[in-house]
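So, here come the structures, one by one.
Across the two complexes that follow, subunit A remains constant while its partner is subunit B and subsequently subunit C.
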Partner chain A sequence: MKRITAIAGAALLAVGVAACSGGGGAATSGTDTAGQPAQTASAAGFQEQHKGGTLRLLAKSGDGTLDPHINYSNGNWQVFQALYDGLVSFRKVGGNTSYDIVPDLAEEMPQVSADGKTYTFKLRKDVKFTTGEPVTVDDVVASFQRIFRVSGPTSGTFYSGIVGAADCVKKPAGCTLDKGVVADAAAGTVTVNLVAADSEFLQKLALPHAAVLPKGTPDKDQGTTPIPGTGPYKVESYNPNKQMKLVRNPNFTEWSRDAQPQGYPDEIDYNYGLTPEAAVTAVQNGQADWIFDPLPADRLTEIGTTYAEQAHVNPLAAFWYIPVNVNLAPFDKPEAREALQWAFDKNALVKMFGGANVAQPACTILPPAFPGHADVCDFPQQDLAKAKDLVQKSGTSGQEVSVVVSDDDVSKQIGEYVRSTLEQIGYQAKLKVISTNIHFTYIQNTKNKVQLSVSQWYADYPAASNFINVLLSCASFREGSDASINISGFCDKDVDAKIAEAMKLDQSDTAAAGKVWGELDRELMKRGPIVPLFNPKQIDFVSKNVGNYQFHAQFHALLDQMWVK
Partner chain B sequence: MTSPVRATAEQPAAGAPAAGPPARPSAGPWRRALGRLRHNRSAMIAGAGLLLIVLACVLAPVYANAIAHTDPFTSNASGTVVVNGERVPVLAQSTEGLGLGVTPVGPTWDPGNYFLGADNQGRDVMARLLYGGRNSLLIGLSSAVVCCALATVLGVLAGYFGGWIDAVLSRFFDVIWAFPVYLLAICLSVVLLTSGLHLGPIHIDAGSLALPVVIIALIYVPYVARPLRGQVMALRNKEFLHAAVGLGASDLRIMRREVLPNVLPTVVVFLPLMTALNMLTESALSFLSVGVQSPDASWGTIINDGLALLYTRPAITIAAGLCVGLTAVALNVLGDGVRDALDPNARLRGGA
Partner chain C sequence: MIGYILRRFGAALLVLFAISVLVFLIFFATPGVDPAARIAGKNADPATLAQVRASFGFDRPLPVQYALMMKHLFISHDLTSFVNRGTLVIPQIIEAVPVTLSLVVGAAVIWMVLGVGMGTLAGAMRGTLVDPLVMLLGVFGVSLPVYWLGEVVNLITQKQLHDSVFSWVPPLGYVPMSEGIGQWALHLLFPWLTLALLYAGIYARLLRGELINALNEDYVRTARAKGLSERRILVKHALRCSLIPIVSLFGLDFGALVGGAALLTEVVFGLPGVGKLTYQALQNLDLPVIMGTVLYAAFFVVLANAVVDVLYARLDPRVRRA
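The block that comes next holds the complex of A and B.
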């Protein structure tokens, strides 16, 4: 359920542009999705000579609360990697293996019962919070309770499968999860019971929303007050309009290089307030080391040529798409939806995002190299004549269509192109630009009668269901609600059954499941509730001083692994 | 740019005799004013420049169809164009280094072929500039007319009747005046642009050009109405008005036949100045995406489009900015000329 207009999300491919491999040894081997213990060969190892210095990061503004159970934005999720730990974690390396799940606060990967409903974690003994207190099983239980007690944004989705979670979602205040999360202090274990097997459970536990916090943490959003964590850094001060300052956590000793490696800089200063334009200039001049915000379009050429060695381009597991409202005229007609699949020149759209090396035209819902992605394209190129013909056939020619886009530069450009193309295939098209702050909820609510819009989806974790089940199942369509992520309003019993089948299959046979997802993707493309436009890439621009840049597929650049000495 | 108009606005208000005592019943004052204007060289040059700009903008479709052969409202992102005998894409992908970024074709200085280059959508900037000028000028002028008309009615009513009518209207002006102009305009625009305006029998669709006209006209009403009200209040004590009352003329007749002709010169002075100010406001609002809506263009939206290309294709922003600047200057100089012609007292005061 993640949406960030700025670049967010994850990537799978390590399609390295030669100049972009910022170094860092990639670890080998990994886990399978069923969660077997990882056989890891450690990364290159810590290089003492690069330790020290101050890493200076820039962003236009702070990215919300410091509370990992509440914050659902990519900017701070990236920072949280150096601050907090969960029972398990994504491997903190760049490249292919960063989607692997490794034990973090747990000593080893959990014991999973045969029916897949019970996970038993054995906690490490030597890990301490920044306060010096050791991490205990009580902290773990309290953290699970807190996910619900603070009504975390994903408490009703990611973690709703825990026994007792349904009641906790309804009544957050008294949430105990007494049957769902059980601690055994003597054995040092925590057992999590699920209502049904969930092949994605460990991935969900590796997200910041399941971070382990001290048991006394108040059950409300801690805002700018730092919560003690277990990572190599701690927040010394945070003002979302000015600066976040991270310093080393004095109580940190590296327990697993895979899960939580120690960082290089002694201090990380995250400064807010500069526009992306000014930030680019600052990095060029060596006054800052890295920029969070998407780079301004008119600086890309310069960065790609003069500063090519300081730029890192990595594909994201994400797509920009047009949700097509299947319940409103004219796109309640299948022919009209098919017309849309033929109407757009995706290369033109890619140009509006920054060109062929910054995005890739999309022909399927699942991004390339994502689990379940099928390499087929039934609508390979723009065919205006065919689209026009289909519009005529559907009998909807001449109808009014409005496209609702948010007011950032790229969305407006894309919206204008979409509007212009709709005119060409026979509609009376209008563009409606609304503030980015309300756009995402506005287009979800059926009361606003949005026919077409332009939106983005970034994977929360690497699973096909995170696209198809979330975006197109009946369960995620709620009429009249601002939180109806199935923006198309597409609900089909047969498709739902197939989604359920694929998710079930994911627990036993990921390859077979992948095939089902691929077929489903293809079928959905023909039904046309979604017009995929392109898969964006992340461009990171770092200063000359920065070494050891590593792109993590889920959380992007590993900030504390960059060295400045 | 607000200050010059505010200053002019306040001058007639300060000492009401601006229009002077009613002259002999003849077309004399207007004709004399026209004569004076004709001899004002700077005003005439400004007028000629303005006429040129207006003419060019009016002929926008001719340029687009007959000279440039382009549709400035349709995206041409995948199109190609011949520059220096070479066929190149309108939006060119960078090929050096990492190949990041896309740059639209720059100015070719060939009127038939992307004279000022292309924008992000691959559309001809020159053609859009001319079409944009039509909207900017149209909105500037029509909102000035609406604003002055409304302000005249309200100002005359408030000044003539005084008492509670004046109190209510004046407080209404105060309230609007209390808001920073742009803040009020942006607030109104944000609300109205998504839902449209539905006031009784009046329905204006979201995205219609009439919306910015109405919004801009409304926010400037007090700036014109206040000085007019002051002028009318001063007129109320004049003998010719007492005479009309004594003759038993109705209020409406007095306002129409005695008061209005005396404040009309001030209104006429306001027109070009308000047109310039409103055009600037329109451009500012459009620049902030709360004025003219895509695919329609105005100089403000073109500056906004060009902003994303400032480093690579500055010509877009510069051209549109120049158009706004030149037109505003021309209108202001012409407006000054009109004021000098109609209201010599104002100039005397200014000189003293």
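The block that comes next holds the complex of A and C.
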């Protein structure tokens, strides 16, 4: 998932936030908000005394449609955790175990056939939609069909491995998946058949795009009309310019604390419209409890010192990077790309982003603590002499290079740094700043002939392939399209084969697969289609009366687990 | 006269048409805006992209797309946002209008009272210390950009002095009049003052100049010769003529502000008005909403121009006769 994070400014946050970090990264972390034990709440079960009240959230604007099969934004994915369920889900706790897959609407983890192509789920009997209707196997089948019938954003990628999916992607209307998803109403089971084994299938099923919705939900984007779900809350009203209001789902009874714990607040009001500056002030004044948007740089010092106890810093499965276009001069030359790996001082870049407490330098494509991450660094520090040498060797010295960055403060600053460094290693470098609104799609389109840019990638789910396969495989390179996420245009049959091998190995032996991913990462670093810059961290700022802050590695703060009483 | 009105009406329609075409073309000429790619989501499969393109009609020729958009906007009234799908554009604008009107009308009252008061005072007391002092105040107002002033007002009322002097200031945002006039006004008080300060300064300076000119006119000498009181001369004769440019300026400013030019004030104070809507639509390149708000704004500017012309004639008999 892509998200622009404009945390900017100096390394001012240093003092305070360091003291209160914790939460997500380590499941063992001791104290979190205001000295309360961070992880004990979920271990101890639901704490009745904290139930009730209204949680008030802020964002500068709404985050698109309420349709979980279509929305592909961080903001609403976070909210959907309290509204919808899939057959399986990520464990809803803070810390590292939040990457675990647990059965959700399914009674237990599915039976998987030996060849890894058939998944059989036994559905829970007692779960109801907000309407009071029970969840049946027919709803599950209809939901799978609907992913394709609405041309969901990931229907052609995440779920394309289901038998019959290829046809459904081309012809969404009347998609049946009759051989792909088979229900047995008597046994209460749903069997999903895949064309080939897919080690990430369960993680994909745990995303909102595979939420189970009532059959009969219209086959088009439901926009602002809430679709009945199964979670502890339901949407009472939604106006993307004003407010989303969540109230308790009267038909909810907790069936699995791991998959879908009941929430604490009686009501969740998500108000839209305040600038992040005004939102920070509102949280300080106790007029609101939490902010979705990245915090403004000039408020970080204050938050890190005066309000340190209300701030939470957690690492993200994400990186800022330079996609290097391998099809355009001068970076079609391997030496020129290698020069880039040596050229930048990552610590300087971290400082531009806000300092060591909000980011750490990246030396690999896969972020630390992410599956497949290998703790090696072949380009440990900046070496301008070496970089200059390599540029000379490549014979591209003196060529013109432009760096395309978006117009937020951090990107501009990083862009300027990249430009001046390129000058130092022998290029005639130019900085092109374009609107943040079009930057991400602009740099993807080969027609715009972008040589270098600065971009970000946030993982959709915890799998190495979500970085390497998505960003650097031939399949995600589409010439002349605004939707070509392989921005580097890197396409190598051998690498593709190795990716396939690693993904296959992931099905049987994740440890061995991790090793292969690590090697692949290392090789790709040498070939240089991507220059990783740093891994950002998430800072959440909550009001004084918020307790039980939990950072989920995939969906970030668990909103309905915050208590306000 | 009817011919004149028809001509004017035709010209206004032409302006609106040209603006809509321009917005449409600029949007599609910008690289990186492919709405299908945005709707389909990042890393969408080409087949999915093609489906989205077809279902939204993005694969049709631009003139057809333009005509369809205009049809949805003006005939079937069901144009929906690209970004917040399912949200109809027209109701969004209709919902935002009362907020903008509340802000602009309130601010207009304040700036007209302040501007006319200050301008008259300075003009009438030319040669004394009051004149430069009032004008200094005016320059002060004109030189403070709204987005800065608004942020500083917020900083003081919501943050630094929120616990003491300004503890009565409600949180940022809008409360409709239906929830009580008092709360409505209280929420809008600082936005009103912030927005009014700039205009009050401009109007005061303009009026002072006009008033000084008028006081040197022949008809003022005539009035004095007739033995009218200075006060009557100032209010009934000089001020009335001096108000003509103020009225025309006011019409244009008011029209533009109602049309969304109060954008910065709305954004800074978190008021969900038309300006804010435009701002957000521009932020996420939501063409239908941009189109809706731009046409709405253009409509008000055109309308305001017409109203100004009529008022002009009302105030100045010479215009009527011409």
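We take it that the second predicted complex is superposed on the first by the 523 of 565 C-alpha atoms of A that agree within 3 Å, B and C clash if a C-alpha of one lies under 4 Å from a C-alpha of the other, contacts with A are read in each partner's own complex, and residues count from 1 in each chain.
The rule is simple: a contact is a pair of C-beta atoms (placed from the backbone, for glycine too) under 8 Å apart; a residue touches a chain by one contact, two chains touch by 3 or more.
Model, not experiment: these values are computed from the prediction.
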Considering only touches as defined above, state whether A:M352 meets subunit B (first), subunit C (second), both or neither.
first
After the superposition on A, what does A:E107 contact: first (subunit B), second (subunit C), both or neither?
neither
I want to verify the contact counts: of subunit B and subunit C, which reaches more residues of subunit A?
C
After lining up the shared chain so the two structures overlap, which partner does A:E267 touch, if you call subunit B first and subunit C second: first, second, both or neither?
neither
Looking at A:T305 after the superposition, I want to know if it touches subunit B, subunit C, both of them or none. Which is it: first, second, both, neither?
first
For A:S420, using the defined touch cut-off, is the partner it touches subunit B, subunit C, both, or neither? Pick first, second, both or neither.
first
Using the superposition on chain A as set up above, list the residues of subunit A that contact both subunit B and subunit C.
434
What residues on subunit C touch subunit A, complex-wise?
30-34, 36-38, 40-49, 51-52, 55, 80-81, 83-87, 92, 95-96, 151, 154-155, 158-159, 162, 171-173, 267-272, 276-277, 280, 282-285
Counting only contacts in the complex, subunit A reaches subunit C at residues 1-2, 61-62, 64-67, 70, 72, 151-157, 160, 169-170, 172, 221-225, 239-242, 271, 273-275, 277-278, 281-282, 284-285, 287-288, 434, 437-445, 447-448, 470, 476, 478, 481-483, 485
Mind listing the subunit B positions that touch subunit A in their complex?
73-75, 77-78, 91, 93-94, 96-103, 120-121, 190, 194, 206-207, 289, 293-295, 308-313
Complex contacts: residues of subunit A adjacent to subunit B:
17, 19-20, 296-306, 308, 311, 313, 345, 347-349, 351-352, 354-358, 382, 407, 409, 412-413, 415-417, 419-421, 423-424, 430-435, 539
